[in-house]
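One chain, chain A, links the two complexes that follow: it is found with chain B in the first and with chain C in the second.
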Partner chain A sequence: MPYAFYFDSSSCSGCKACQVACKDKHNLPLGVLWRRVYEVAGGEWQPQGEAWLSMVFAYNLSIACNHCEKPICVEVCPTTAMHQRPDGIVLVDADKCVGCKYCAWACPYGAPQFDEAAGRMTKCTFCADNLAEGEPPSCVAACPMRALDFGERADLETRHGPLKPVYPLPEAALTRPSLALTPHREATRAAAESAAIGNWEEVRPTSHRPISSRNSDKVNKKNSP
Partner chain B sequence: MKERSLAAFTLLMQTAVGAFWALTALQGWLSRQAGNETAHRTISLLLIVAGALAALGMLASFVHLGAPRNAWRVLANLRSSWLSREILCTLLFAGGGAVYAGLHWLNFGPAILRLAVANVTSLCGAALIICMAQVYRLRTVRTWDSDMNLRSFFTSALLLGCLTVGALLMITPLQSRPLTVALQALALGVVVLLALQLGFVALWISEMASGSDAARQALAAMTTGRRAAFRVRLALAIVGIFLSGVTLSPWGSAIAGRISFLLAFVVILISEIAGRVLFYEAYAREGI
Partner chain C sequence: MTLFSRRKTPPAPPSPIAKIRVGCPAHNCGGRCLLIAHIQDGRIIRLDTDDRPDRLEAPQLRACPRGRAYLRRQYHPDRLLHPLKRTGKRGDGRFERISWDEALDTLAAQLTRVKETYGNSALFVPYGTGSYNNLNGSHTARRLLNLFGGCLGIYNSYSWGAINIATPTVFGTLQTGNQRQDWLNSKYILMWGWNPAEMRDGTNSDYFVKLARQNGARVVCIDPRHSLSTVALADEWIPIRPGTDAALMTAMAYVMVTEGLYDAEFVRTHCVGFDAAQMPPGCEQAESYRDYLLGVRDGTPKTPAWAEPLTAIPTATIARLAREYATLKPGVLYQGYGMQRRAYGEQVVRAGCVLAALTGNVGIPGGWASGLALQAPDGGPFWTVFPTGQNPVKVQIPVFLWTEAILRGHQMTQADGILGAERLDNDIKLIYAVATNCLVNQHADVNRSAEILRDESKVEFLAVQDNFITPTARFADLVLPACTQFETWGLEDGWKYGDEVILQPKLVEPPGECKSDYRICAEVAERLGIGAAYTEGRDERGWVEWCLDRYRETRFPGLPALEEFVASNVGVYANPVTQPAVAFVDFRRDPEKHPLATPSGKIEIFSQKLYEMGKPTEIPAIPKYIPEWENPFTTETQSTQRKDSKTPCAPRLRGEKEYPLQAIGHHTLARVHSTHANNDWLQEAFPQRVFINPLDAAARGIADGDTVRVFNDRGALILPCRVTPRILPGVVDIPQGAWWQPAEDGSDLGGNINVLTSHRWTPLAFASAQQMMMVQVMRYKGKQVDRETG
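Entry: the complex of A and B
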């Protein structure tokens, strides 16, 4: 019975209580975020006669490790430090990790986060200790909008359907993430209209650049004085 | 670029493998042309340099590790990790090379045994290049998920190996005539390999240009963000072809041929370093 997260992008207010609760519970160092809230924004003002019509949009995506069915981090890790439990939770064994960052290169969700001080990779544990005591993961418990939830993958998929393409998430077929998601109503426009992650400086991985960073670089450059 | 140590590792190991291939191919010819004593000393020098390059490469691979004390664990996932397989092949190549060097220096065993060890080591080197190329073939990094890695890495190994061996032959007690013949043969190889390498670069660019949005963005970042490296890569490869052509020319003097070979070595090395910088710059992972 693999676990999965559910995220309702249409309800998320972007308060980042999930991000902070995770950081607080796991005492994560500066620069390491196991759960990140991506602020996606795009669109523009369009002239309509003598007026200007707002066609801008923005939505949030709260993403942690998706404990994938086909976890590429586990596949590429040379030491087997990155491993998957029978309940689907992907964990990293710090005693085995060599700090090569190959998992961070490969993961399309930026889930493995490198701890520079320890010289080792870290990642979301699905709050396995909470689960063992019958409690929800801290991010889920902290969400004031109830936009985050968790459960058994099969159950969440039955309730919410298969994962739909949402910018800037990668194709689900790459790793088969254990994630169910209700997209924001503007999510379909985002890919077509060169949306960008507005808070890239906050959520970017400590080492490697994913594709979505390129648009954000352009936007940040344009907006900088 | 944060992957300097990985660029150094791949280039140094590829040069070591290419140099080992070249010395294995040359040794029979050297014995016939220069006699056993000179051939023995020449091969010894080439083995020392190839060994030093491999040692430096392995040292460079350690530099980027966050927890080097766990390095002994990296062979634990041979079942699915190309990185584990790459390290295994690195160790087999280095071990095979060390055994061959020992047999060579001690003049131990029959020639057929040494040849067998050299051939097995060369195969380990080829396996290493294949694993190195596969390490970067990640399905989540479309710009690297291509046969281009394999073609380019093999060409780099042969190119840098030929150039290293040619440059070293100039400081061995090899006589002028066989040295000129060897340099001309190596220069011919360099011209062919450089032409292939430029063709592979063009193919890679066309693959990226006709690929996904992500591939096109990565191409733009590579050709505009790293414009200087891109120009150096192409311009010096063309200069390298010209200089190797001077070595090949039957009308030039032997000295001019040697100087142009050395210059070709320097400019092609810089071109290959620029090419590797661009390779890492083309990293563009899917997703966030």
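Entry: the complex of A and C
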């Protein structure tokens, strides 16, 4: 019964209540974002007569750890600090972590977040403590637009279908993320036209590789329909 | 100890954690939400949000990121802990600690001195919404001064200046909105300059629009900026040049009228002033709305082609928009407030209301009358019911004109918006500023306001009561440390919308020597000999009980007693909305039997009252597009207003003008106006930037992330930019509310847009026009600047 997140990109405003609720729940320092909101923006402006024609589009992706079926962070961890529970939740054992950052380099979602002061890796716990008490993860309970949910992976896949390619998420086959997602209607345009993450400085914490570099953007796009 | 052995000795068993449901601290944030505070050892360690069942008729009040990041404000290292008095020159920000006795004695003595020297109308409590529940905020000081013989009165607001005054000229009331669940009956929602995802406008307003859209409504956003609301809610974004919304509305009306799409029957039975046959008695010769649209008198038909060069919206789009709104019924035209904080803000309000009337969307489920739209059936939340009492001083100034009342108060007359007297008899000599940053940071033209306040011969004494040394507090002679709303009792109802009462029990003790706004005022009252009158024997909790009684007598008959409310730990009492009320249903059904409170009893497309003011160029009797006094067009634009011109002359943008870019300042989720400006989690989420279109950036050699200088004749900002396609070319956006941080040369390093705004007010409402300004942006080539964060 692995757990999974569901995210409705079509109605996410990018308000970041999820990100901040997560920081409050887990008391995260500045620069550490277990959940982040990526703003994808693109489209051109064309003069038309005396007017401007906008082809502009944008959407948001609220991404935490996807507690993948093939967690590459667990595979590369040299100390077994990064481990997966039977319920699918991927955790890092702070006592075992030496702060080598291999997991952060390997994860294509930027989920492991290095805590500079503590000298070790941290990451989304799926609010396992909340789950144990029958409560939802903090981010899910926070969303003012009700765009986040969680559940059993199989159930969410039945309801929302398999994860569709959405720029700039990496190919799902890579780690098989436990993530169900309703794409924003503009996601198809991001696949076809030039798009970029518009808020790099807001999602790139101090010391981890961003979700995908501008070079690999092209690769990702090729994988999109 | 080896490298891997980081285990500490087992800690002592943790203290128990109490979970208390509490209203999110009330600011002027647009929402009123519920939090669950986790309290351990006298400290709040975590905040969750509403966990009640989430139902359409009484939805959860989920807090936005500002509520969720509240502990960064609550436990900020810069919290004021002690009373302070000024040591340097006023505005230098140098203070020394004093005792409460000295502080309160000083304030009481200054109040007495100024009252005796100049009279009560020289005392002033400014507009302040920095703390905004029943027991916390500027209204506590207003009660104090009212009992002390009164103070200079204020009317109207910074937020809703023009819309407050213009809405009743059409409808005779501000209560023009339905309960929001009714949006689920709409087929079309025009979010016109309206951005509930960021400025909230009632907790859940964005969520209700989402539900309406799921129910089949088409949603269109009209905004210069591709806002967070646009991303989440809109089927289409129509970028518009700021300050030209009335032109778009006028052209839409032209299309509806010339194509016969308007609701002619409704206009005939429920409106006045539409055409020559419908003019009020005595105004038969005046220009009707139809005449204006068709250009009968000015020779300029207000066609979509006329509006295109003004609005930057293609002609075909304007025509399509008009047809959509006129035919996809019922529909909502929701007016945001930013576009009425501009030169002729009254016009855009009136024009929107008239469009709602032309389409017959007034008084029907799924429709919307536009205007301010306080909710039916009872006007909605009160914000506060705390009794400020009667002000014995009857004279009032428009709230935005307080600097005028300092500089030339005794010369101000009704021509300056003075109410309650022929003229003002005083200049402002003492300011007691509670929970407000309006004196410097949030008022227009920061450098001007600062200059006025620095002159100690004008305002002779300035006391500021707040949680931090804000830019306003820097100018204080006396600083009084207020506690936060978690540290005292409070009570909230909704912000504009909502059917809830939310309890704010005291959760933790205030730090240092902080006291509640109410307590401070009570202790000043004691020194002025009016202590018993002020408190009536109640403490903060006692007043919460008193306020609960008022809510119980009015909108919430089932409200429990305080004891029970506290013991249940539910935090919120809601009236479920199962049958959402619709404004103007009675008037719709029978306009003769249920007339409006307008002079004609009908919807006044033409206002005789405005006509009789005799200022048709700035206060026309029918809503018109009037070019702003700071605009991006060349002077040729003005020729479109020429009476002899038969063909509209397309305006040309100022290419060579000194300040060619329009600037706007949206409400960011990083702050509530200027509250939370020092909250590091919110700065991390939404760093302060000037947003600029790639075309404008490229023309200036500016790259994303560059530090830039944004300036006009009033001042300059130095801050990083974000190059983004999500804003109309020719427009830059600087989220309002950042704290002013003047450098030695006077440039602001904090990114406060009010350094650039103008204090000139709107003609009818005497209201803020702070959204209108022209600027230039250049890459900053000066030395590296350090700005404060956190």
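The criterion applied here is as follows: the second predicted complex is superposed on the first by the 202 of 225 C-alpha atoms of A that agree within 3 Å, B and C clash if a C-alpha of one lies under 4 Å from a C-alpha of the other, contacts with A are read in each partner's own complex, and residues count from 1 in each chain.
One rule holds in what follows: a contact is a pair of C-beta atoms (placed from the backbone, for glycine too) under 8 Å apart; a residue touches a chain by one contact, two chains touch by 3 or more.
Keep in mind it's a predicted model, so treat the numbers as computed, not measured.
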Quick check for you: in the superposed arrangement, does A:Phe5 touch first (chain B), second (chain C), both or neither?
neither
Which superposed partner A:Trp34 touches (first chain B, second chain C, both, neither):
neither
Applying the document's definition of touch, where does A:Ala141 land relative to chain B and chain C: first, second, both, or neither?
second
For A:Phe126, select first, second, both or neither according to whether it touches chain B, chain C, the two together, or no partner.
neither
Which partner does A:Cys107 reach: the first (chain B), the second (chain C), both, or neither?
first
May I ask you to decide whether A:Phe150 touches chain B, chain C, both, or neither, giving the answer as first, second, both or neither?
neither
Tell me which partner A:Ile197 touches in the superposition: chain B (first), chain C (second), both or neither.
first
Can A:Val98 be said to touch chain B (first), chain C (second), both, or neither?
both
Once chain A of both complexes is superposed, is A:Thr80 in touch with chain B (first), chain C (second), both, or neither?
first
Just which bits of chain A does chain B share with chain C as contact spots?
95-96, 98
Residue numbers of chain C touching chain A in their complex, please.
3-4, 6-7, 46-49, 51, 54, 62-65, 68-69, 71, 197-198, 203-204, 206-207, 210, 226, 228-233, 237, 239, 308-309, 311-315, 317, 650, 669, 680-682, 684-687, 693-695, 705, 722, 724-726, 728-729, 790
Which residues, counting only chain A, touch chain B once they are in their complex?
38, 63, 72, 74-81, 95-102, 105-110, 114, 116, 118-121, 168-171, 174-175, 197, 203, 207-212, 214
Residue ranges of chain B touching chain A (in the complex, touch as defined):
2, 64-68, 70-71, 73-77, 80-84, 87, 135, 138-141, 214, 217-218, 221, 283-288
Any idea which chain A residues touch chain C in the complex?
11-17, 19-21, 23-25, 27, 30-31, 33, 41-45, 48-54, 56, 58-60, 94-96, 98, 135, 138, 141-146, 184, 198-199, 201-202
